[in-house]
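Shared between the two complexes below is subunit A, which has subunit B as its partner in the first and subunit C in the second.
Moving on to the complex of A and B:
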């Protein structure tokens, strides 16, 4: 009993953000590196079993989904059907005559059914970018839609010529060196050798399974901002760090990148939301 | 979603005497008291101060909180399940907000 209480106390404090507590504890008892790794693994396992704070957004998104008339929107499986819709996106939509990923489709439907102008949609999408503890309705809708596909496997139809064309374009963008710093996505996220930023091991599109693990877990709850990060926000941040020209959400560039990444990730099980530092 | 709402999760069924984990996520900014770096104006803190766990209206455990705990905290507390009934959490913050959330459990 006492042991369980102690573990829970450590767990509670650690989850609450006092990661330093574990360090102090480790110093007192002089744990070996193996024991420390075990402690961290135990922490990660408990974190995976627990409740992700991102689920708050999913509950909020259920209301916002109805508020903005998105139940009229066809996500590829019929109007208003959300279960498993995220798994088969990006795909070609005949009504828009375009290949669209989840977020682009939401933006298109907001224009069609909620009566928003493109400027309003852009403002709606970017309302929480660069902030913290922001309860954005857009993030909530994306989180709700993605969580409805939990357990499904990513299944992008690459036999469709339109999707295939977008996939090839995405591949070119991924490997194109651009900007004053001559960077491309592949500088960090490709190749067989391991690339790190400080202690974080970066995923690579060339190592099998890693692209799937990276993209099938978005949107991700970030503890440092206390809000989730959607895929287009992630593109925007990467492109800003590479010093490319400013990123436009729901642009063709984003759809091409999405098609390449989700196409590469085909067959991975969707597990949303995940948690990051 | 407004400040103070929570997700409370307990196993639906448990064996008698089993130690279960009561898990919760509370929506709260947990902002500490600080000064604005530009203007020097004081920004008052806004954080949870107390969390109580009840099992059938009997106080089981109490957690005193302050700043230094992350926003939207995830907390897991142990509870020995001896009877079916209602599990309730009650929590309050330093601005006088008080909330409650309940969940039900069946013990075989």
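Moving on to the complex of A and C:
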């Protein structure tokens, strides 16, 4: 196991070196066709060989989990119990009097048990946003926790009125048209007919199974940035592309969206980390 | 005879409308969430910088469109209301409807960064001018594009624009129709996925005219 990790680490660094010329603000840059092709080839090779550098983060996350006293944190199955915890989130937490998804809960526990202020938590979360080849402890914790639920099926308790309420809010927000380009989530991710944005095939919440496949695989390792992407980072990127205002991680908006998406994904097996271009 | 036909049409209309309304009602009731609460949750998800606030204000049409998952699910009244509102939201270049410069239009169509705001940190204005049209449309032959919007290859040719008729009133009327759709897609296709580029000021009337010219002009590569 160690050896595999080490080789994949070396491999990860090597491919990071390959991508080295895409520096800090990776999202801002348009890739040339040659770079694009190179990335796709790299991606295909990793897929074929079953390599996922994202797993390196899990090892790091295990240490960070203890370092930040998260073993005192109750993720819904009892303090420090990690296995299968991700599968039953979001859920209602009586101690916080709120519905929370995995990342919001981690943020809350960081405040409770690691003595962080909300500003520090936000900085901690956004450490790797907009960068490439960034080894963030937060991403590592999320990766560790999500991977501990591999093989479990998403099981959000929609019978809980609090969760149900959040689900309905998330559903309405999914269809809320907003901003200077009139977009909502459903502009891209709804409907029965299959559409593409340039070369990217879009998943739809209306086609059975696709929402599950889309969300039960996060955090996802992205070859183009050589780092994993957590769900809240994904929301932030979507919202940026929709030309809305900058996104606030761990907000009620994120929880509402998570509740709607994971609620829709109920029954899907969790497979983390997935790998993407 | 006429009366029965009319009644029949009315009945069909009612039947057509009512399922959509019935579908909408129960979700609202069982949810038990008020629009204000949803709005509050939505606003909680953004940075509190007041300079961004204008982006989060919904206008009347956006509010109507937010209530329905798709146009097929919209009742006729809502569709009519959006059309009525959006017909008022079209402005024209100060010199009126005349052919623009298709080469300028091509630049705007090709630009993938159009209308983007700076990724992180503050930006109030788009960084580039452009429509990112290829994201959703296939336009020039052989250039990759998206399939979310209708295919626009050979658009002017298909629409019957030729060198001879392009400056006749009929030709200019067609130009105006396309101009209107690019400027404010919702006046023709309420709640369409296509942003209202002109209405939001992402593209100026002159930009929109150049894009319409690019799509229709017989010399443009779209129609080759």
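Going forward, the second predicted complex is superposed on the first by the 229 of 277 C-alpha atoms of A that agree within 3 Å, B and C clash if a C-alpha of one lies under 4 Å from a C-alpha of the other, contacts with A are read in each partner's own complex, and residues count from 1 in each chain.
Heads up, the rule we're going with is that contacts are C-beta pairs under 8 Å (C-beta built on N, C-alpha and C of every residue); 3 or more make two chains touch, one makes a residue touch a chain.
Owing to the predicted nature of the structure, the values given are computational and were not obtained by experimental measurement.
In the superposed model, A:172 lies in contact with subunit C only, and not with subunit B.
Touch criterion met: A:183 reaches subunit C, while subunit B stays clear of it. In the superposition on chain A, A:32 makes contact with neither subunit B nor subunit C. By the touch criterion stated above, A:129 is placed in contact with subunit C alone, subunit B being left untouched. In the superposed model, A:226 lies in contact with subunit B only, and not with subunit C. In the superposition on chain A, A:197 makes contact with subunit C only, not with subunit B.
In the superposition on chain A, the residues of subunit A contacted by subunit B and by subunit C do not overlap at all.
Residue ranges of subunit A in contact with subunit C, taken from their complex: 25, 27-28, 30, 129-130, 165, 168-169, 171-173, 175-184, 186-188, 190-191, 195-199, 202, 239-240, 243-248, 251-254, 256. Interface residues of subunit A, counted against subunit B in their complex, comprise 1, 4-5, 8, 11-12, 15-18, 46, 50-53, 55-57, 59-60, 132-133, 135, 223, 226.
The touching residues of subunit B, counted against subunit A in their complex, run 1, 5, 7, 9, 19, 21, 23-25, 27, 29, 31, 63, 65, 68-78.
Per the touch definition, subunit C reaches subunit A in the complex via residues 27, 30-33, 35, 37-38, 40-47, 49, 52-53, 55-56, 58, 62, 65-70, 112-113, 115-117, 119-120, 134-136, 144-148, 186, 191, 193, 195-196, 200-202.
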